[in-house]
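Heads up, the thing below is written out as structure tokens.
A, B, C, D and E label the chains in the order they appear, each numbered from 1.
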Amino acid sequence: MIVGKVVGSLIATRKNENLIGCKFLIVEPFDKMEESGRFVAIDNVGAGIGEVVLVVKGSGARIGCRMESAPVDAAIVGIVDDGIGLE
Amino acid sequence: MIVGKVVGSLIATRKNENLIGCKFLIVEPFDKMEESGRFVAIDNVGAGIGEVVLVVKGSGARIGCRMESAPVDAAIVGIVDDGIGLE
Amino acid sequence: MIVGKVVGSLIATRKNENLIGCKFLIVEPFDKMEESGRFVAIDNVGAGIGEVVLVVKGSGARIGCRMESAPVDAAIVGIVDDGIGLE
Amino acid sequence: MIVGKVVGSLIATRKNENLIGCKFLIVEPFDKMEESGRFVAIDNVGAGIGEVVLVVKGSGARIGCRMESAPVDAAIVGIVDDGIGLE
Amino acid sequence: MIVGKVVGSLIATRKNENLIGCKFLIVEPFDKMEESGRFVAIDNVGAGIGEVVLVVKGSGARIGCRMESAPVDAAIVGIVDDGIGLE
């Protein structure tokens, strides 16, 4: 998983039916994290712009968020309160 | 997921039988996105060249688009109408 | 998926039994593609050296090519006839 | 898998329910490893800050640690005692 | 898959129980391959230090080597005898 900040959001009216009702947020990884650019994640914990979040990538984003049949590859699964070694 | 623009398309007459009927589009990720080069995605929402799209990678591209047994690793699953933090 | 050119092949006499009979080809991605180096893919469509091919990565390479139990992570699944936006 | 050092940890009170009870550690890959930045891994072996660990990524982190339905993509699965070729 | 050379090995006494009995080898990808750093792979074919090997990444490493429930994401699945386009 990586830690990043929510920096934006997305509107897509025309989309795959399994994505209806999903909130799409743009995440910018923290500088020291392995990911180097922004990506889109669905929100699983009620995150908002400006919050520091924990993000899972890959099949865990679908299966861990009970969206087994949705075309999703990244999900925000925690709001980070505090941490050592993030920056 | 990432956001990019459809910049091309592909014709492949000789292909795996589970790909018959698929439309292959070339996607160029937006500059701030983590992906740095173009890739080929199947079209799940009727996208066309020049459109800004939401793309899923990995097993979600197969499973989320009801193509469980197709050799696919990227799918266009939304047309982006608007967004904050994309560029 | 990505598009590349077949630039070589591989011989491995000692290998996992689920790989017996597989043809291993070396693929060099096109310059604009996101992948930046060569990799090994199994051949699912009768490709040969010099041909421009469509390649799938990850679990789709196994499942989409009916090799569910083989240790494979990349497969050539199409011969590219023509395209826009590849180079 | 990769080898790295545990350099931090994370607190996230608000999180996906399948992550309750997980310990989140920050791992910095060794210089010669393919991963170039830090990431968050759950702890499966009782690792602590400063220890050199073996980390698995992807679906193996969920399935190999009996957390099939958790949104996890990296897990610490060994404490490295010794090695050749790590640095 | 990628081709690399076995350059080391790893000892981890304390580890996930599904890894007991596994041999962990350090692989350095060939220069032209897409992977740019070393990683740890389990050995499925009796490889040793100095040998040129074929490596699979991701879920295929588990499933293709009959280790479905092990936390593994890379496996050596062939010894390379000869090849064109590797270097």
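Simple rule for what comes next: a contact is a pair of C-beta atoms (placed from the backbone, for glycine too) under 8 Å apart; a residue touches a chain by one contact, two chains touch by 3 or more.
What you see is a predicted model; the values in this text were computed from it and never measured.
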Among the other chains, which touch chain C and chain E together? none
Between chain A and chain D, centroid-to-centroid distance (C-alpha), Å: 19
Taking the mean of the CA coordinates per chain, how far is chain B from chain E in Å? 31
List, in ascending order, every residue of chain C touching at least 2 other chains. 35-36, 58-59, 61
Round the ring, starting at chain D and heading to chain E first, what is the chain order? D, E, C, B, A
State the interface residues of chain B toward chain A in the complex, per the touch definition above. 1-3, 32-36, 44-46, 54, 56-61, 63-65, 75, 77-86
Of all residues in chain C, which touch chain E in the complex? 7-16, 18-19, 24, 26, 28-29, 35-41, 49, 58-59, 61-62, 68-74
